[in-house]
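Take a look at these structures.
What follows is chain A paired twice: with chain B in the first complex and chain C in the second.
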Partner chain A sequence: MRYAVTLFAAVLAGCGGAPARWIDEAAAAHARADALAGSGDRESAIRILEQLVAQPTPARIGARDRRAVVQDAYGRLADLALAAGDPARALGYADAGLALGEARDAFTSTLRTFRGKANEALGRDSDAARDYEAAQIVAEALLQAAMADGGSR
Partner chain B sequence: MAPALLAAAACATAVPQTASQEPARDDERALARAEDERAAALEQPLSAASTPPDCGSCELVGQICELSRRICAIAGRHRGDEELAARCTSSEQRCRRSRERLPADCPCRVR
Partner chain C sequence: MTDPDEPATESEQREAELLAQALEDRPAGDGEVASVEDALGAAWMVKASRSGGLGDLRARAVLEHAWPERSWMRRRVAVAALGAAAAALAILLAQPRRPAVLPAPPPRLLRAQLEAARRGAPATIVPLEQELAAYRRDVYAALGRAYGSQR
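Up next, the complex of A and B:
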């Protein structure tokens, strides 16, 4: 799930032009963020992903695809902020991601989980429980769909 | 009666029908169908036993149950909060339901 850009890169490879460039840039941003976070430089990783979510999206990118790529990046940002011990910042990233829309998909479930972790770290237990529950309901729906599809996901 | 009928059904399915043959009667067709279904049912456990269980959803089930653990840990810190207790109970049901969806021989099913 985390690397939605890889999936979309394959789908959009034939598009050419701005959409393909946008996807390439997103994939490159994730790769750079990986390397930086791996070497312990979380702040630089965060900066790169912040630039990614701030970038304008080419017009030919569908709304759903855009949401997936940007929410994926916000999920990583929230994760990095939590790892850096900054739950308030993580909450901001999770909220920004969820503000793009919620659906029965892995992006919503992940962002809700990070939002829950951030709220829990901030001492907002009731909000955290609500977030975890929302994440769990989506995850259960995904499981149901996966099993109906043959159970191989 | 049953062996005779089964024999007739077997013939109805085994021998390809030619244009010169009379069309099979309805009861013969029904018997043939029943026999096919019985054969398929007998085959099913054999094929299930020869293929490994599909445990690809174990990770997702793990996440579902981890979320339940988190919800119940919060409820445990707030004893007397009925809303949180209810969330904990519902989340445990979701976890259990999810595990039960997995094939019985997946190692992650029972924990």
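Up next, the complex of A and C:
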């Protein structure tokens, strides 16, 4: 009987809070990265965000939400790498983010934008042009939808 | 040894009479019971066995024999029920939740992206970073609401 009650409690404790914990940890990682990047320590900020994208995702996180969190982190990593003058590294981050899938959302257009910047810095103009075009198509579609909804932010 | 053919002594006759009284549930005389405790005990046992019913001792013995079995069965049923409930709960909790309702990107962010996504724009664009940071806060707030975050 004791074992069954313990198992029951473990199931409740183990399964209930993992998604919320993962979300909280991701938000905390961004807050630490903000502070580090603000103080000029981009490498430490990159390490924090690399740990975030390497973390296993709880099973209960929806696939779209997982993609949003991880792609947002990859976009930020690409931005930090570009700011650090390392376009090859930025390209790697952007590719890793886009490998999770593309959709008509701000995460995809952000990654395409930073990928274009990395390719442009690496002298790959045609690749950069394709990335910029893809980013603009998504951003324009979202902007039109926002304006149709009366968005003013 | 006493010869069975010899006539009973007065004391033997008295014991036999008390034994007969006990078997027939007739009260014994005061002060005489103490002297024949063995006879009374034997009479009680003989009567109980003859009656065939459950005396206190036998009933208790039967209960003690039966109850552990019943208790063990009840524990098995309870453990099985709790285990099944835990398994069902684990399966339910392991299912991905419905996706959070993420906020639409604000037009300011989208305009900053359109501005940045072109050749010749600076490699890092402060307005885009600022808009992304603001949108990120909104996204995490929505995720927190959907997944019960404490933040």
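Going forward, the second predicted complex is superposed on the first by the 136 of 153 C-alpha atoms of A that agree within 3 Å, B and C clash if a C-alpha of one lies under 4 Å from a C-alpha of the other, contacts with A are read in each partner's own complex, and residues count from 1 in each chain.
In this section, a contact is a pair of C-beta atoms (placed from the backbone, for glycine too) under 8 Å apart; a residue touches a chain by one contact, two chains touch by 3 or more.
The shown structure was predicted, so the numbers you read here are calculated from the model rather than taken from an experiment.
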Superposition on chain A - do chain B and chain C clash or fit: clash
Chain B versus chain C as contact partner of A:G75, first or second or both or neither: second
Partner chain(s) touched by A:L91 [first = chain B, second = chain C, both, neither]: neither
First, second, both or neither for A:G116, with chain B first and chain C second: both
Chain B versus chain C, judged by how many residues of chain A each one touches: C
Which of chain B and chain C A:L100 touches, first, second, both or neither: neither
Touching partner for A:I46 - first (chain B), second (chain C), both, neither: neither
First (chain B), second (chain C), both or neither touched by A:A83: second
Chain B versus chain C as contact partner of A:S126, first or second or both or neither: first
Intersection of the chain A residues that touch chain B with those that touch chain C: 109, 113, 116, 120, 125, 128-129, 132, 135-136, 139-140, 142-143, 146-147, 151-153
Contact footprint of chain C on chain A as seen in their complex: 1, 3-5, 7-8, 11-12, 15-17, 19-20, 22-24, 26-27, 30, 34, 59-65, 68-69, 72, 75-76, 79, 82-83, 87, 105-106, 109-110, 112-113, 116-117, 120-121, 125, 128-129, 131-132, 135-136, 139-140, 142-143, 145-147, 149, 151-153
Touching residues on chain B, where the partner in the complex is chain A: 54, 56-57, 60-61, 63-64, 67-68, 70-71, 74-75, 77-78, 81, 83-84, 87, 90-91, 94, 97-98, 101-103
List of chain C residues in touch with chain A within their complex: 75, 78-79, 82-83, 85-86, 89-90, 93-100, 102, 104-111, 113-114, 116-119, 121, 123-124, 128-129, 132-133, 135-136, 139-140, 143-144, 146-151
Residues of chain A defined as touching chain B within the complex: 109, 113, 116, 120, 125-126, 128-130, 132-133, 135-137, 139-140, 142-144, 146-147, 150-153
